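Okay, got some structures for you below.
Look at the two complexes coming up: subunit A is in both, with subunit B in one and subunit C in the other.
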Partner chain A sequence: MDKNKYKALVDKHCPKENRLYNGLIAFIVGGLVGVLGQFLVDIYSYLFSIPTKEASTIMIITLVFLGCFLTCLGFFDKMVSFARCGLIIPITGFAHSMMSATLEYKKEGIVTGMGANMFKLAGTVIMCGVVSAYFFGLLRYLIMGG
Partner chain B sequence: MTFKYSNVYLNEVSTIAGPYESKGPFGRYYDKVYNDFYCGTKTWEQAECRMLVDSVDMVLYKANKLRNDIDLHISGDLLNQIVSTNYASASIGIPLIGIYSACSTSVLGLIIGSNMVDKDEIRNCLISTSSHTNGAEKQFRQPVEYGGPKRKTSTFTTTGAASFLISTKPSQIKVESATIGRVIDLGITDSMNMGAVMAPSAASTIYDHLTSLKREPNYYDLILTGDLGIYGKRILVDYMKSEYNMELDNYDDTACMIYDLNHQPVFAGGSGPACMPLVFNSYVYKKMLEGKITRVLLVATGALLSPAMVNQKLSIPSISHAISLEVTDDIL
Partner chain C sequence: MIYFNAFLFAGVVCLIGQIILDNTKLTPGHITSLFVVLGSLLDAFDIYDKFVLWCGGGALVPITSFGHLLIHGTMDTVSNFGVMGLFTGMFDLTSAGIVSAIVFSFVFGLIFKARD
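Here is the complex of A and B:
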């Protein structure tokens, strides 16, 4: 049997992922994370009388902490499996990917285990993030003049 | 490549199962069950070694033998450099052949051992294999605590270890014949769909086995494939029909049997080198001793997955080996 014919046979028997349902869940959960973030920004700037910019930094720290903490407690992976991109795309996904890799290698030492493998998944995010930030920054400078 | 044996018998088997397997349908048939993934050790890799040592000790205990009585130990697992086998063997101390054939390790080990026993090169041989779900996830996929979504076609690596003791001493179950498979690659690149990767190699080995021995599929009471999962099983049945024009009647897949697929979070079923031996050594072996099943063809399927090669956009090759076991009345 040739490869194309076999691929058609495989596709016939394998289930399709329900993209609409997955997208909807991700949209709702991701939106709720956004609402939580905005709530934190407002409450921090109100409580500590600080500008929104500083409050949003503290909000990011809070969400990263929550992502790490819940990963360590061992149930954030189940939440991510359910909400998929709703929790992976926000900063919580970044924290989760770093923390899960760190936990995985903690028995292999601080330097050779945790240090070397912490960015196993998150490294890609940083690389893509830095490169795209560079290009979008460039575009913004060219179009809007800074 | 098919062999026929005249003087090889399966004397004893053992099973050590992990937490998920013990909650599966065959939970009460396992010799020993661990309820935590560490099995009293510090890491998952060491836990796998512990289970392997336990399974060897268990089979020796059940067969009333000492480690010194065994001529040769053939063993393999999924981890890099087959570490579980090597470290376990350091404490077991029986002369070792370490093999790697992914999830088809158990049957390959049985074939190598049976060939040597049949030719009287050795009197008895111990074959064992193990896998650990977290150890395998760590090596082949993503960190265990990472919740990235998995597809419905992905399988769940079994946690456990199993051993077989074969020798020239007659017992109720005879190792009758075996077929060594070829590596098949039909261009599947999806490491989340191992059933589709392995189905053609299982089909090819079953076909080779049956045609070289001039048998029909219904010669066997039960044909068991290793770890194709729900969808791989359907693909195999369809592929056998369209490619070789062969209907499989008494066929099942151990990946679909080892877990309660409706209630356990295992997606398309089990996988790993320990999947087929855990099902065979617990439930099917017992049914053979009771005489309810007399002829069984075990077809262990192995996806020869390497994350590096998948990242290089190459497809995943697979291999399957088959061994036929029959109930006899050779016991004197």
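Here is the complex of A and C:
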């Protein structure tokens, strides 16, 4: 069988993903996480009577906590495979990637397992963020003077 | 109204990510990195601040706000200490997210086991 025919056959039998459905789910779940974030900011600034900026810091910590805790209980993997980018793009995805890498390598010990592999997936976010922020900051400093 | 804006902004960011994930061969790691770079680019020209003003928590939840906070901390220290601020102030505002993620991962990693 030549290559093109084989490829056509494989394509025919691959499970088709419904892109519209995936996008809709990601939109709704991501939007709900955004609403939850805003809700937490409002609640915290009302309860502790602190400015919005500090409340948003506590909100981020809460979401990271939720992401880590639900990953430990095993719910979050199923939720991520259902909502995909709806939960990967928010800060919960960052927490999830760190937590799952930590749990996966736990058996290799604290230093060579957890410590060395914690940033296996999340390290790219920090590297790209720091490098881009450095150069964009430098650019802005040179053009606008800070 | 701010809740509707938050829903719309966070939803649209996630939708763009999902469209990229479905139609290209990029992994979620590529997409989150791309969004961080995009966030810092938007904030270098003061655009992301308007999103934060307009949709509050909805703009702070997606990973784009990580790049936004990196640039923000940097520019705050640059305006006080000059070009050395690029090195000293980068993590001023993002440290909450990073430190909490590391501490929770470590503590929960000690307590829980991997489930498979």
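The rule is short, and it goes like this: the second predicted complex is superposed on the first by the 122 of 146 C-alpha atoms of A that agree within 3 Å, B and C clash if a C-alpha of one lies under 4 Å from a C-alpha of the other, contacts with A are read in each partner's own complex, and residues count from 1 in each chain.
Rule of thumb we're sticking to: a residue touches a chain if its C-beta (ideal position, glycine included) is under 8 Å from a C-beta of that chain, and two chains touch if they have at least 3 such contacts.
This is a predicted model, so every value here is computed, not measured.
K.L.:
Should the superposition on subunit A be reported as showing a clash between subunit B and subunit C, or a fit?
P.N.:
Aligned on subunit A, subunit B and subunit C fit with no clash.
K.L.:
Where does A:69 make contact in the superposed view: on subunit B (first), on subunit C (second), on both, or on neither?
P.N.:
second
K.L.:
Now for A:121: first (subunit B), second (subunit C), both, or neither, which partner does it touch?
P.N.:
It touches subunit B and subunit C both.
K.L.:
I'd like to know which partner A:32 touches here: subunit B for first, subunit C for second, both or neither.
P.N.:
Only subunit C is touched by A:32; subunit B is not.
K.L.:
Return first, second, both or neither, reflecting whether A:59 touches subunit B, subunit C, both chains, or no partner chain.
P.N.:
After superposing on A, A:59 lies in contact with subunit C but is clear of subunit B.
K.L.:
Which chain, subunit B or subunit C, ends up touching more residues of subunit A in the combined arrangement?
P.N.:
Looking at subunit A, the partner in contact with more of its residues is C.
K.L.:
Which of the two partners, first being subunit B and second being subunit C, lies in contact with A:10: first, second, both, or neither?
P.N.:
A:10 sits against subunit B, while subunit C stays out of touch.
K.L.:
Is A:81 touching the first partner subunit B, the second partner subunit C, both, or neither of them?
P.N.:
A:81: touches subunit B, not subunit C.
K.L.:
Contacts for A:43 in the overlay, against subunit B (first) and subunit C (second): which applies, first, second, both or neither?
P.N.:
A:43 contacts neither subunit B nor subunit C.
K.L.:
I'd like to know which partner A:103 touches here: subunit B for first, subunit C for second, both or neither.
P.N.:
A:103 contacts both subunit B and subunit C.
K.L.:
Please provide the least distance in Å between a C-alpha atom of subunit B and a C-alpha atom of subunit C in the combined superposition.
P.N.:
6
K.L.:
Could you give the residue numbers on subunit A that contact subunit B in one complex and subunit C in the other?
P.N.:
Touching subunit B and subunit C on subunit A: residues 17, 22, 74, 84, 88, 99, 103-104, 121.
K.L.:
Spell out the part of subunit B that touches subunit A in their complex, as residue ranges.
P.N.:
Touching subunit A: residues 42-43, 138, 142-153, 186-188, 193, 196, 200, 231, 234-235, 238-239, 242-243 of subunit B.
K.L.:
Where on subunit A is subunit B touching in the complex?
P.N.:
Its residues touching subunit B are 1, 3, 6-7, 9-10, 12-15, 17, 22, 71, 74, 76-81, 84, 87-88, 96-97, 99-101, 103-104, 107, 120-121.
K.L.:
Would you tell me which residues of subunit A are touching subunit C in their complex?
P.N.:
That would be residues 17, 19, 22-23, 26-41, 52, 56-57, 59-61, 63-65, 68-69, 72-74, 84-86, 88-91, 93-95, 98-99, 102-104, 106, 114, 118, 121-122, 124-130, 132-134, 136-141, 146 of subunit A.
K.L.:
Touching residues of subunit C toward subunit A in the complex: what are they?
P.N.:
Where subunit C meets subunit A, its residues are 2-3, 6-15, 17-19, 21-23, 28-29, 31-33, 35-37, 40-41, 43-45, 55-63, 65-67, 70-71, 74-75, 78-79, 83, 86, 90, 94, 96-98, 100-102, 104-106, 108-109, 111-115.
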